[in-house]
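You will see subunit A twice below: alongside subunit B first, and alongside subunit C after that.
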Partner chain A sequence: MTEIADSNVVAGSGQPAGGPASTAPARGARVAEWVMWYGLSVFAALVLSAVLVEATGGSWRPVLSALIDGSLRAPGRWGETLGTAAPLLLVALGTVISAKAGLVNIGQEGQLLIGAAMATYLGFVIGGPGPLNMLVVLLAGALGGALWAGIAGVLKYWRGVPEVLSTLLLVTIAGQAVAFGLRYDWLLLAPEANRGNRNQVSDQIPDGSRLPRHTLFGNEFPVTVFIAVALAVLVAWALARTVWGFRLRMLGRNPRAAQRAGVSQTKYGSAALLIGGAFAGFAGAAMLAGGGFAFGNYRLVPGFSTNIGWTGLLVALVAREKALAAIPVAFVFAALRTGSGFVGSTGVEGRITDVIQGLLVLALLIPPAVIFIRDRRRARAATTART
Partner chain B sequence: MNTPVDSSTGVGATAPTPAVELTGITKRYGAVVACDDVGLTLHRGRIHGILGENGAGKSTLMKILIGLVLPDAGSIEVDGARCTIHDPIEAARLGIGMVHQHFSLINALTVWENVALGDAGRLDPQAVRQRIGEISDQYGLVIEPDARVGDLTAGLRQRVEIIKCLRRDPSIVVFDEPTSVLTPDESAQLFESLRHVVTAENRAVVLVSHKLDEVLNSTDEVTIMRQGRVVDRRPTAGTDARTLATAMVGRQVSLRTERAALGVIAVDDLTEIGDSGVAEVDASVEPALSIRGATVIGAGGVRLLDDLTLDVRPGEIVGVAGVEGNGQRALGDLLSSLVSLDTGTVTAGGRQVAAGRPGAMSRAGIAVIPEDRHDSGVVLDMSVAENLVLVNQRRVSRHGVIDQAALRDFALRMIADFDIQCAGPDAPMWSLSGGNQQRVVLARELADDPAVLVAAQPTRGLDVGAIEYMTERLRLAAASGVGVLLISSELEEILDVATRVVVLHQGRVVGEMAHHELDLERLGLLMGGAAA
Partner chain C sequence: MLDLFRAIGEIFTAESTYINGALFAGLLIFAATGEWVAERAGTLNISVEGMLLAGAFTSAVAYDQTSSVALGLLAGVVGGMIVAGVQAEMSHRLAADQFVVGLTLNILVFGLTGFLDREIAPATKIASTFDVPLLSDLPLIGQALFGQPWPFYLLYPLLPFSWWLMYRTRWGLEVRAVGEDPQPADVSGIKVNLRRRQSIYYAGMTSGLGGAFLIFVQVGRFEDSIVGGRGFIAIAAVIFGGWTLWGTVGGCVVFAGALSFRLSVQGLGYQLNSEMLQSLPFVVTLVGMAIFAHRVRPPGALARPFVRGLT
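Our next item is the complex of A and B:
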């Protein structure tokens, strides 16, 4: 009898969000709802930003215009934005994979940096002819990132250290380690002849080993962009359609059910962590070999990661752990980054642009939270009715 | 039944002002009406039974009485004065107390600390201890005030709950399904003190239950609810189990399973335990599952399983009886590869299984319907189809890639075979009712032709129809040669289907009886830990 009553609750009451009986119109309504919430909150963030700019003595029109110029409109800028979006997307994909396994890896910034450092080191140690060396550089990056995340994995599965702590703390260590490496020429530092008056820079990646850059309508960007998008599709497919992805999701959603079903937490969990790190490290190597003035211009420098790891983590969060959704989100975040580079020229204080960026990020994070809380409240009301 | 009930004039007709009078109580949750124009009259000096299936509205009605839920319509009168009860504190002020079905005790604290919990102002341990002593003497509820609650048996814990409630000296006491975790012996004790509370103190007592024998044996009058309405209201004297069961279910109860679920067997006549519907299996048959000397030591050195030895042969249903908290969970976890053994072995199909290695038990052909399906049985955020292949994806995949069409076909077939009510294979698991989630688990576990089926509390929280279905499926499984291990704290359920019963006490098997030599008294003693 209960069952009949229950199915009435679900089907009969025009079940709200996410109901099993979501027919085509219900899904349309849901999409419209999402669009509305995003529109509303981004608009609110823009209004707040405008108020802020006006209050600090600027005027909002030129700021908005600079933002758009810097990210899209000015010559060559959207190529720059794409080039920034690619590593963001790569980092986000790795985050998606570890998050699906129920792991909170927040050390992408460090994994990326170590990846770049490893790429630099092995790239020069092994050397070799151009294209082959390029491959070495990229693989070394992935290896470095995986290694760095692997430390957290060993600590977690051998000693039970929460990965959220270890990955975070390893970021700091990574920064120090790379700074150390950049002080000795037997590690990362460039030979004196090649570093000009700078200390603490690596040698430039030789021409033949650099990632090819692609030009489209006068906009230039590294092929990393295509690689990242292809990987996004691959990750989405692997998670949704392969047995491995299925078992990984099971582990993330219910570790005990997974354990009973034969999914080893140690095996799948550390694999997810290693792959997550590998993606971040790969992003680091691709930044190094892909060029772009913002990314050290083919050289490893202190602070090389420039928050790409952190932002990539944010991309994964905003995309709500969906690989394909991460593509547009990565682009938006990249646009915010390249766009705010131009805002400085309007005379608005640099810190204000940081605040604006923060507001926009918040605006992107709020709608999923609102909808999540509301759905849960409705679900809870439905369960109370049940008992 | 030693309190006078004037059955000729009907309930409450000539009585003085009733202690509580509920009229026209209605409560809706969305489209579901939990209580529909319900009336209830409680008198001092009487025990009033409220009988009904799961979801009949009993709990909602009681929650309204103690202020946990506000009714949409209707009035509440306490001692003739109309009132609104907004929260349990207000209810307590009006003299209404409740002993909850699920214990709300803190295991790490002592008895007196638990009793004093929620008091305002300065704590006076001596006074609390003394008050506990007084109540103990007065009602025969003997308890050691300085014992740690975590060390007590379920029966004693309930005693603490009752003392907690009686300490505030309520004039109206509600007992919500009080015997669900007690042994038969503990239940008898409980009803003794309950009777005392009523007769000696002139309190009004409500006993909420879905067990017929309890209501028959210990109440003076009974209100029967079905689907949110009161369907019958009568003095208990002069009625019988069959009448009550029919009123409660709304149709003739004929199937033995249903009567077992309603708790009829234990009272009707013991000859009922004649036939479980499954033949006993000869002891010489090679066991499908064999556990030898299994010991699991939990946190703090507690022996969750203590040298447990158990065999399950193909085609038999072994019932594991016992009061909850005596190792049932650990046994279920062990057979779900969720814990590893400190000593001992598990052998299935003649081969030793590595306990605690992920998936080892299921690969050895041990299927499990877990005690708490949300814990290890289903993934709520995945779809029905995905939950149906949670353990084994081989049948729907090729070279590590899931074949979506095959998955869908398989799910549709299972949904049809097991009559799973859902919006389709893609419906999220959380959208299904408990009974249907249980069917998904059952369908999945049986799909791989297991050698052994472990069913831990498989009917908990299900209603009569779903219970009947589940028991029938267990019988069918046994009939087809599966060795079934039924772990249940509902004795009736075990008596109904098991071909052999073992009793679990403090993590070890303390007794075993074949079906033909079942003896309720001995069973009760064993469950209570008395050597027999």
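Our next item is the complex of A and C:
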């Protein structure tokens, strides 16, 4: 019931656009408009979350402080947050690429899982010397993710199945496939001696293939963080400054014009899907090899992906498909995630962070849409006034 | 190999297969009928999953408070319509991307119902069964189609009503026009986005009923995994059915068959890998779409927002 109030308020006040014939407003006014809308809707989302906490018998202050403790303030926590933000950012980067090509790939969760599984499998089977094997693990992850996204690509460009649906259905199949693999020791299951008391668990990946962890002011995080940020810069550059990126964006904005200009939809579209999947799979491999207790502690387990794929997708959407903007957004979402572990101690169910996250995303969708509609109205009013 | 055939034969002659199949098909049809209307108006509404979950939760809470199945069903409709409201207003008043809105809604509803479920923990049970005289004595399918808890029978009026609404009323004509090509519809005075919003509300209504169906007919109590991706299968059924009502129902029956096969295999004591069985309905859905998706023509403006003067 809470969500509708939010959207109605904003939708309602978005209705009457300025005066008749008002021309494009000055730059300052525009910035003010953006800031106002974003401020308003984020504030509304936070108030709604607080109301929800209060209504179920909690109080919002301790929840907020637990969130901050869990994500930043308590010793070692911001390292944990950074370590969570890295895979989120990687997934988001892949999503940015496929979204730029006009594709709605929403199967990152499955692609990530298959990536991690492939990394586990190839990492053990090939098992070369340390640093080389680390590379194999990471590449295997990217390969696995690309493979899983590739199924959706084949179905789309060969059989005309909408990728929205195929990527989604493949998420469930991926989860089951990995659980299947974890039942047999010729696939992913660890030999009996290394299983401990658990049923479905892979071997711990060997020391040499783990990603090094970096320590800064008592906070430890894997080097994935640096890799992810570097890749964000690379993706931003490739999309904005290369011919390939230009064609991709053209395909996304106007497929017909792109086709006339000789951009093959099949070629660029499937490339975007594959790269998007590869990023998600890479994130999975990096989670596996980067360690961290939240990510199975160097072991593959069923449900290893723990919603990182879904959240990474949301990061990309909130960042409005901009690679660099995804960096801070990924950090905020990672903070919500690491903070949620501390919320339980306040007596409020930890899943409140899922609600906060959903409301925030919804709130962040509203301002651009409102401003878009208002701009349209202004433009139309201006043209009718002239004629 | 002979064993396999015998197993399949046994599954097809077991009454429980048909009962489970009817339950799964019922849920899918509730969701897919509304989804079909929404898609004919031009929205590929992926929040149907969230609508089902919200409907299930609100109906469970209403039953917990009032112990009335009828009020529970009504509350289910309200729950579905709330999600539909957000989807409709955001994607067809504000022109936000419909997939993004739908996806966010699914995640939000999942978090919200999970959170509230821990706080409230509504107690529910299956509604009382009603045997239709004579018909429920039919062999094999009698109990499946005519011996169910009574909310099941809402399906029978829903289908002809939806057909009548879409093909025999002005409203339905306008909805189809809007989904096919919004510009001419707009020029001839149809309020494009209004019709699209209304069609999403219709989807919210039927999916909300579907959620209540889960509580009162199929499962009996709320848990956050109660829908478990079957909303997406309903969307696939619409595509599979080529955006016609009877095709959609056919798709629902096929996919429900896959869902029920999984239960029957286990129920009859055959040992098959459980992960493979779990993913079977989804694989069948994918394969079904791979075969049929390019033979059918989607509504012309499916998943394209309409902003006057822009597109």
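By our rule, the second predicted complex is superposed on the first by the 336 of 387 C-alpha atoms of A that agree within 3 Å, B and C clash if a C-alpha of one lies under 4 Å from a C-alpha of the other, contacts with A are read in each partner's own complex, and residues count from 1 in each chain.
By our rule, a residue touches a chain if its C-beta (ideal position, glycine included) is under 8 Å from a C-beta of that chain, and two chains touch if they have at least 3 such contacts.
Only a predicted model underlies this, so the values are computations on that prediction, with no experimental measurement involved.
Visitor: Give one of first, second, both or neither to describe whether A:Leu72 is in contact with subunit B, with subunit C, with both, or with none.
Guide: A:Leu72 sits against neither subunit B nor subunit C.
Visitor: Could you look at A:Leu324 and tell me whether it touches subunit B, subunit C, both or neither (first, second, both, neither)?
Guide: A:Leu324: touches no partner chain.
Visitor: May I ask you to decide whether A:Ala261 touches subunit B, subunit C, both, or neither, giving the answer as first, second, both or neither?
Guide: First partner only, subunit B.
Visitor: Examine A:Val243 and indicate which partner it touches, taking first as subunit B and second as subunit C; both and neither are also allowed.
Guide: The answer is first: A:Val243 touches subunit B but not subunit C.
Visitor: Of subunit B and subunit C, which one touches more of subunit A's residues?
Guide: C
Visitor: Scan A:Gln176 for contacts with subunit B and subunit C and give back first, second, both or neither.
Guide: Second partner only, subunit C.
Visitor: Could you give the residue numbers on subunit A that contact subunit B in one complex and subunit C in the other?
Guide: Comparing the two interfaces on subunit A, one with subunit B and one with subunit C, the shared residues are 1-4, 7-8, 11.
Visitor: Where on subunit C does subunit A make contact in their complex?
Guide: Contact set of subunit C toward subunit A: 44, 46, 82-83, 85-86, 89-90, 93-97, 99-101, 103-105, 107-112, 114-116, 118-119, 229, 232-233, 235-236, 239, 273, 275-276, 278-279, 282-283, 285-286, 289-291, 293-294, 307-310.
Visitor: Any idea which subunit A residues touch subunit B in the complex?
Guide: So the residues of subunit A touching subunit B come out as 1-13, 18-21, 241-244, 246-247, 249-250, 253-254, 256-265, 379, 381-382, 384-387.
Visitor: Which residues of subunit A touch subunit C once you look at their complex with the stated criterion?
Guide: 1-4, 7-8, 11, 14, 52, 56-57, 104, 106, 155, 159-162, 164-166, 168-170, 172-173, 176-177, 179-180, 183, 310, 313-314, 317, 349, 351-355, 357-359, 361-362, 365-366, 368-370, 372-373, 376, 380
Visitor: Write out the stretch or stretches of subunit B touching subunit A in their complex.
Guide: Residues 29-32, 34, 53-55, 59, 227, 336-338, 358-363, 368, 370, 375-382, 386, 390-391, 393, 397, 400-402, 404, 421-424, 426-428, 430-436, 462-466 of subunit B touch subunit A in their complex.
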